[in-house]
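Both complexes below contain chain A, partnered by chain B and then by chain C.
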Partner chain A sequence: MYVIGERINGMFADVKQAIREKKADVIQELARRQMAAGAWALDVNVGPAVADGKGAMLWLVETIRAVSDAPLAIDTAKWEVMAAVVPQVPGHVILNSSKADPEIAAKYAGLAAEHNGSLIGLTIDAAGVPGNSEKRVELGAQLIATAMEAGLPTDRLFIDPIILPVNVSSKTPVDCLEAIAQIRAFSDPPPHLLLGLSNVSQRCSNRGLINRTYLSMCIAKGLDSAIMDPLDTELINSAITAELLTGKMIYCDSYLEAARSSKQ
Partner chain B sequence: MTMPDVSEKWTGKINTLTLGATSASGGTRTGAVTIGGASTLPFLSFEGEVGNRPAIAVDVLDGPPEGWPAPLVKAYGDAFSSPAKWAKKAVGFGADLICLRLANAHPDGGNRSPQQCADTVKEVLGAVGVPLIVWGCGIDAKDNQIMPAVSSAARGENLLLGSAREKNYRTLVALGLADGHKLMAESPCDVNIAKQVNILCTDAGYPLENMVIFPTTGALGYGIEYVYSIQERGRLAGLGGDRLLAQPVLADVGAEAWRSKEARDPQFACVTDQTRPLWGVAWEAATATFLLQAGVELLVMRHPDAIAQVRAAIGRLMPAAK
Partner chain C sequence: MYVIGERINGMFADVKQAIREKKADVIQELARRQMAAGAWALDVNVGPAVADGKGAMLWLVETIRAVSDAPLAIDTAKWEVMAAVVPQVPGHVILNSSKADPEIAAKYAGLAAEHNGSLIGLTIDAAGVPGNSEKRVELGAQLIATAMEAGLPTDRLFIDPIILPVNVSSKTPVDCLEAIAQIRAFSDPPPHLLLGLSNVSQRCSNRGLINRTYLSMCIAKGLDSAIMDPLDTELINSAITAELLTGKMIYCDSYLEAARSSKQ
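Our next item is the complex of A and B:
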């Protein structure tokens, strides 16, 4: 499971304050803790913290790089921030994210390919978030085609079928499950299938339980990556167990520990 | 029309491990033996690196063997009279390593003392220059007494100590760390337990890259297909990136093959007095070559003719580098 740690995001109060006051130790501690807890990569999102999104993003990248060489997912909706920051990220960079419209996705995929990075493509287009699984699959196929044309190998493309909170749409979780299985079957090697997991439980109670139950269901359908909270031990345990039960690893009594130690 | 490339690409690689230490590395061996290193299934040189050549260790006991069949008695002659002579004979048969079994430490056998065991190890180290595998008597309580003496007597020799098991691994882990020896992790032909023993040893501080997996095996005709499938599962996981199953594997071939009825006393209609002694050799060689195909890097064997046949088979499967 390719876990992208979600905690360095200006939506969180501690991160927002750290960005405003340039408190590097807060960010670095979050980077270290997430990696130690099982993350493979770190999402980096300035959020609404400051007006200068580009400057703040560069500061975050530099601050994290002082303590970790983990792949960094540059999380911004603004092309000018993405285009300015990506060339300046040492090590592996993940572009988070592009919509599926070919003219947009081609730009992002080209930038990712140019810097040997990866791209997260959303199954959203000008018409918005699809209301069914079929449209998600169609946009997924479109993203794969666009990435290939731009020279980005499929195994560096993450497709996010877009999960909505279960209290907003009770149908979306099922649509995403179907889309994951179908998009995965499109090409060989398949693209990675990814979710912004925590969104499924926004403003719900029992958030942890909803997150880990849904993650297990998605892994059964072929999800192999998520932007999620690696500091949630039970969530990581569920991910490891779901991978065990889908034949991704050999059982042993200490399989949770074995999976964690295999990461290093 | 071009043929599509159907070769597998693996993300993992089997660890490389060296046994024995020459004077340059703090021991007294005249040579060291390196095994492992494959990045694909056994002998598939068109897919990846096949790694080092499988090595053959030859059994030596700490006293004359009881009940060994005639072909083995004939091959070794009076060499059974002392472990040193026996080891020299085995090296003459082409042993890459000596596998010394301290069987007479068994409480129901000779019940030899830790000091006696250590002396035997030193005797064999003095007699031959090849690296050693040293196995206890299989009784945990006794092994935990004799192995410390053995380990410290051979400090720096980079032995392979056998064997750490799920219920008894702490002593050997401590000895391996203190005296610079490698460790054999034993499991009853069970990939889940093999993985578990490895994680237990690493949790206790022992480096994963210094371990050898020892899944108990059976001889040809005694469930060897099952042994193969277990070994294959472990190897596929190791090549697929499971670090806890990416260790070289040892198979105890000689003891298993020569225990079988077919090797000791073949009852088939076609057996004549002339061919009777060949059955055991064939059984041992066939068991060994079969297990090589499953991805075994270290074979423990007994009969010189079987050793020669297996060596020739390895030569055919891994031609010398051009």
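Our next item is the complex of A and C:
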């Protein structure tokens, strides 16, 4: 399970304040703790309402790089921020994210390929978030084709079928399960399948329970990556156990510890 | 989720002693507690090493019936016990279980049909437990055909693809996930898909975590029933949440309580 830690995001109050006051230690501690807890990469998002998005993103990248060489997912919806920051990220960079419209995706995939990076492609186009699994699969296929044409290998493409909160749409969790299974089934080699997991439980009660249950279900369908909170121990335990039960590791009594230390 | 409570089983020390000493209150309390916790039916197994299996089973049935009209799953590998007990069970009876060999399954399905009961059919035949998903699917199809010929409607047939402990076979959990999806996909109407869940974690550490993670994964693949421990609150919460995320209910903040009370 390729876990991308979600905590360095300006929508969280501690990170928002750290960005505003340039408190590097807060960011570095979040980087260290997420990596120690089970993350393989770190998402980096300056959050809404930051005047100089590019400057804040570059400061975050530099601050994190001082303590970690983890792959960094540059999380911005603005092309100008992405285009300016990506060339300046030392080590592996993940572009988070592109929509599926071919003219947009081609630009992002080209930038990712140029910098030996990876790309998260959303199954959204000009018409918005699809209302069914079929359209998600269609846009997933479109993303795969566009990435290939742009010279980005499929194993550096992450398809995100876009999960909505279960209290807003009771059908979307089912549609995403189906889309994950189908995109994995038809493509060889398959891209990574990824979700912004926490979104499934936004403004719900029992958030932890909903997140870890849905993650286990998605792994059964072929999900192999998620942007999620690695500091949620029960969530990471569920992810490791689900991978054990899909045959990705051999059982031993200390399999939870073994999985954690094998990452180091 | 059709939960069949597993706790009235002579392999547990308290039940073994209660059977030996005819302590009805111990059995009745287990029946009441399992039903209150989320079971829809109760498994009844006298356990190994009981001299008069038929007599002990009839005593258990009578003892439970004094406090509950729940469907009872008569859990015995002996045909003579099954054939003697099933006609004497008031209310709904589930035969647990038959192997898939047609001559055996026909006998069990006929007995189930005759008493308006249900049948749990195992994907095991004379060659033993299959080593892959394909053979499980083949034996599942065989069980469906045999049940139909015997006059047992498919919605009263539960197919159990036989889970082995993950510490014994790392591949079986994957095979069962695949078999569940395929048997559900090819048959219309589909039978119920069931597992003896606790078996996946036998003699493992983190049993609760393994059980609830695997249950969520199986529900994503189409499992709709399990013989399991309803007294494990976290397990029942996972089952309810997984069903929420497959669109079987609409979210509300008290969805866990709502699901529990809707059963009553």
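Rule of thumb we're sticking to: the second predicted complex is superposed on the first by the 263 of 264 C-alpha atoms of A that agree within 3 Å, B and C clash if a C-alpha of one lies under 4 Å from a C-alpha of the other, contacts with A are read in each partner's own complex, and residues count from 1 in each chain.
In the analysis below, a residue touches a chain if its C-beta (ideal position, glycine included) is under 8 Å from a C-beta of that chain, and two chains touch if they have at least 3 such contacts.
Remember, it's a predicted structure, so these values are computed and weren't measured experimentally.
In the superposition on chain A, contact of A:Leu244 is made with chain C only, not with chain B. In the superposition on chain A, A:Glu257 makes contact with chain B only, while chain C stays out of contact range. When the two structures are aligned on the shared chain, A:Ile210 is found in touch with chain C, with no touch to chain B.
Using the contact criterion defined above for the overlaid structures, shared-chain residue A:Val50 touches neither chain B nor chain C, since it reaches no partner.
Touched residues of chain A were counted for both chain B and chain C, and C has more of them.
Of the two partner chains placed around the shared chain by superposition, neither chain B nor chain C is touched by A:Ala145.
Looking at chain A, you'll find residues 249-251, 253-255 touch chain B in one structure and chain C in the other.
On chain C, the positions that touch chain A within their shared complex are 166-167, 170-171, 173-174, 177, 200, 204-206, 209-210, 213-214, 216-221, 237-238, 241-242, 244-247, 249-251, 253-256.
Within the complex formed with chain A, the residues of chain B that make contact are 191-196, 199-200, 202-203, 233-234, 237, 241-245.
Interface residues of chain A, counted against chain B in their complex, comprise 249-255, 257-258, 261-262.
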